[in-house]
Amino acid sequence: MNSKANKKYTVMWPTIFIAPFVICFLIFNLYPILYSFYLSFTDWSGVGEKVFVGWGNYVRIFTKDKTFIKSLWNTLYIMILGFPVSIFLGLIIAAFLSNLKKFRNFFQTINFLPYITTPVAIGLVFTFLFDWNTGVINRIIEAFGGEGVNWLGNAKFAPLVIGFMIIWKCTGYYMALYLAGITSISEDIYEAAKVDGASTIKTFFKITVPLLRPITVFIVLTSVIYALQLFDEPNLMFNVSTTSIIGGPDRSCLTMVWNFYDVAFGSTARLGYGSAIATTLFIIIVIISLIGMKFMNGKEEN
Amino acid sequence: MSRFIKGFSYLFLIFISFISLVPFYLMLTMSTYKTEQIFKGLPFFPSDYLGTNISTVFQSNFIQAYGNSLFISSISMAVCVLISAGVGYAVTVYNFKYKKFLKTFIMLTMMVPTQIGIIGYMIEMRSFHLTNTLWPMILIWFANGFGAFWMIQFIEGSLPLEIVESARIDGASEPRIFFQIVFPCIKPGILTLCLLIFLWSWNSYLVPLVFVNKANLTTIPIFIKGLANAYRTDYGAQLAGLVLATIPLLLMFVCGSRSFIKGLTAGAVKG
Amino acid sequence: MKLRKILTWGLASMLAATSLAGCGNSSSNADAKTPTGQESNAGGQQNTSGDAGSDVTTITYWGWDTNWYEPMIKAFEKDHPNIKIEVTNVAYSDYFTKIQQAIASGSELPTMVQQSCTLIANYKELGVFEDLTQAPYNVDPNKFFDFIKDRAMTEDGKLIGIEQSVSPSAIAYKRDLAKEYFGTDDPNELAKILSTPEDYIKYGKEVQEKSGGKTYLFHSGGAVAEWLYFADSTDLQNGKTLNFTKKMTPVMDLLVQMRDNKVVDTFENGTPQANATYAGDSHIFYPCPNWAITYYIKANDPDGSGNWGLMMPATGGYSHGGCSIGITNTSTDAEKAAAWEFMNWAFLTQDGVDVAKSEVEYYVPTKEFYEDASYASGEDPFFAGQDIGGFLYGEIAGSIQLPTPSIYDQTVIDIRDLLATAIMSDGSMTVEKAIEKGLEECQNRIMDDSIVIE
């Protein structure tokens, strides 16, 4: 009817409200990635001229650079060690908590504590817990007559420690998300299940879990993206002194982003090659995200 | 059966909570020890060195780092939440041409790993002449994909459109509706996002690692990391600093834990 | 409920207050290109008089060794009220890339840069340093000890920095443990007993047996590898060839033997846990450069005065670490002049040299000061009256030979640490396996395909 007033609500105000986000995203998030993409075709240490090398950096990543391939496997390995357990535990804790009347807030806050702890602190405390010679864990093992394990110095165990660190840290966050989801499931559904005589366990698997599917998809997707960018935890764990080895023992905890950081800002300043690693990483993450989004959209159509 | 499950769930929760607490508790007790003593015994009980550790921390640049971190996190949080809420509001309240596209776009931005563009970001900040300021560590939070996605979910789920319409009939302008009418309605969502963005930017490590190259730009994580002078790691002082650094987060979450879960509930339901 | 409200408000107002403070702070940082009135975090003292006079020159310095720069700058600023030195502490491991980053991101380089000797060849390539042999500096490299005078010099004769200190290294030991297991705490007698590298294995085994497995000769494989590696003066790089195998095999060979015979404990070098062993009684010997006396021994064993000794290693004296200080050519002339005033004071004049000696126990590599015999030598009570200075700067410094620096020094050193840890943590790791792994690491980390790695 009144097209002028209409335009105000379909063009002007939406633009005003959305523009800050889009503009900031383009300037501070997208442009840097595109610029990195451009740099990935050069050989540049930040000093002197950029030398154009075409696909050279990418060829090196996939044919010669064993460190990159290793960092890829390391990342996937740590991801598989940590996140499934963490998500599962989060779900279980949330399920238990939702049944509680007393102490719910108390448990909830305590289990959320690890998530707010600064990664620097986590790194420090965990090196203290898992140290071969003086660590608490080994003292306990020895007290029970076992032999101390070189958790942090052995390439077999170090990723396990990082995995445990992730479980310890993230479980509370997933718990909070699941708890929120469970709280929002209508009581009527449970009442109906009770009337039908379904057991608690059956109700949990037949009703709660399927209804939580959207949250699970959300959690899985965000944690995969988080895992692929893992850097803080392993870096803070294994970068404690000047003589520390990059990537932990035998580089077993060198994640992709740590490798990227090391190439670009760590032991060398190869910004061109670092950009190529970043771009590769970016593509991997986007592919995984797109697959994940298919899942998310799939559920909406249902 | 049900009683058994209840008993078991209490036990299980106590066990898990114990594991959650131990490292946190150790952080507290270890901060009361002299570094040399930490490795000699099990520091399960507090010692008497906290004062010295804290004064070591304060003798160095701690207050500056604390101030910088608070500044970075507060500005990042405020701007990010405002921008995100704007997007959520627009998507919920208006009908416009590229709405569906925009929603997909925002979902995509959530997947974009921001820290991976840091090389380009560094060069960009250089051309803006911002490399010697705190801004590089703030600007990167402004357009946060997660934040925008979150606000869309939350506002779509919890804002009754009638309120907006009746306000319009009353002649309120759009910004007024947004700030004075919608904001109070979506308070739990705003609070939750505030907490998360504050937390993430407070603990952020990689970006400051690249951008902090002056003592007066340092942030808490970088500062604590640097408390280890090159050859002697002052564990005790580092931990004392970390305890102090965790206090604001702890306060925020303890105070806001109820609305935090509430906010999560409304935002996460639809995933 | 009420409490919660109060807490929330308190927190909010705290946030607001600090944000405002932080805001003022950061904007003034951004605007002020020459922040004359700023507090130097070196001494923590405020220069209140500096604000009034506009003739104060502020220069910047990035450093990792607080022990050196804090007292030096404090003493210098006291004598030179017209110069302020603003320090940023940068971790040793990040230092070089922070410099590269500053160049890449266009942020200001510090006026003075501390150039680690393991990266000196890389610093030469940057091309951002003043040539100190030219006016107005006119430094004559022949003033310095012969073995060290070319280290910071480029192939075309530019001197990019002055060495901060000579870094002669020996082996430190705990006297009480030496007496217990070797029957003597005299450095010369100990050096006679342990006169070849194999002796360490022989006696290390004995010490293990006597102590029932509790006491080791050394605490960390990394520390031992570091010592053995630096004690070898073979050049790492010959033209386009990297002599990795030749340089690393003897080091790793001895380390494997030491591991198998439990001569060396399994601490990881440089970690807090490892540093705590200095004050313990399970490890006798520590490879010890001059700077480690203050940084490691005194810092970690403050109550150990009188219980330490310093002896000649079986490998002979060697040089470990050290760094030079250079002036960046991006600085203004006034900054360069002020920086030079500091360096001249610190390395070439009696006042500064005396401060370095008395506060940090650093001895400059400038030959003329040693003409006064009492400069370096003297009894050291921490070492039970032993003449540490005379030993390190006379006997050891006189015998040091340095390999030619390579731009791959730091890369190979990193790999050496990786291999040392791998050997110590995996009892089945042989020398051959370690070298093979090392070669693969070299291939991965060295981008230049024209370099032949052997």
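As written, the chains take the letters A, B and C, and residue 1 is the first residue of each chain.
To be clear about the criterion, a residue touches a chain if its C-beta (ideal position, glycine included) is under 8 Å from a C-beta of that chain, and two chains touch if they have at least 3 such contacts.
As the structure is a prediction and not an experimental result, all values here were calculated from the model.
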Chain contact graph, described as a line, ring, star, complete graph or other shape: complete
Pair of chains joined by more contacts [C-beta pairs], B-C or A-B: A-B
Whole-Å gap between the CA centroids of subunit B and subunit C: 37
Distance from subunit B to subunit A - Cα centre to Cα centre, in angstrom: 15
Two or more partner chains touched - positions in subunit A: 134, 240-242, 265, 271
Set of subunit C residues in contact with two or more other chains: 91-92, 94, 101, 104-105, 270-273, 276
Of all residues in subunit B, the ones touching two or more other chains: 38-39, 123, 209-210, 225, 228, 230-231, 233, 235, 254
Subunit C residues within the subunit B interface of the complex: 4, 7-8, 11, 14-16, 18-19, 21-23, 25-26, 29-30, 38, 41, 44, 62, 64-67, 86-92, 94, 98, 101-102, 104-108, 270-273, 275-276, 279, 292, 295-296, 299-300
Contact footprint of subunit C on subunit B as seen in their complex: 35-36, 38-40, 59-61, 64, 66-68, 70-72, 74-75, 122-123, 125-127, 130-135, 209-210, 213-217, 225-226, 228-233, 235, 248, 251-252, 254-256
Interface residues, subunit C side, partner subunit A - complex: 91-94, 96-97, 100-101, 103-105, 126-128, 222, 226, 265-273, 276, 410-411, 414, 417-418, 421-422, 424-426, 440, 443-445, 447
Of all residues in subunit B, those that touch subunit A in their complex: 1-2, 5-6, 9-10, 12-13, 16-17, 19-21, 23-24, 26-27, 30, 38-39, 42, 82-84, 86-87, 89-90, 94-97, 102, 106-121, 123-124, 139-140, 142-143, 145-146, 148, 174, 178, 199, 202-203, 205-206, 209-210, 220-221, 224-225, 228, 230-231, 233, 235, 238-239, 242, 245-246, 249-250, 253-254, 257-258, 260-261, 264-271
Interfacial residue positions of subunit A with respect to subunit C in the complex: 45-47, 60, 64-67, 127, 131-134, 150, 152-155, 239-246, 249-251, 265-271, 273
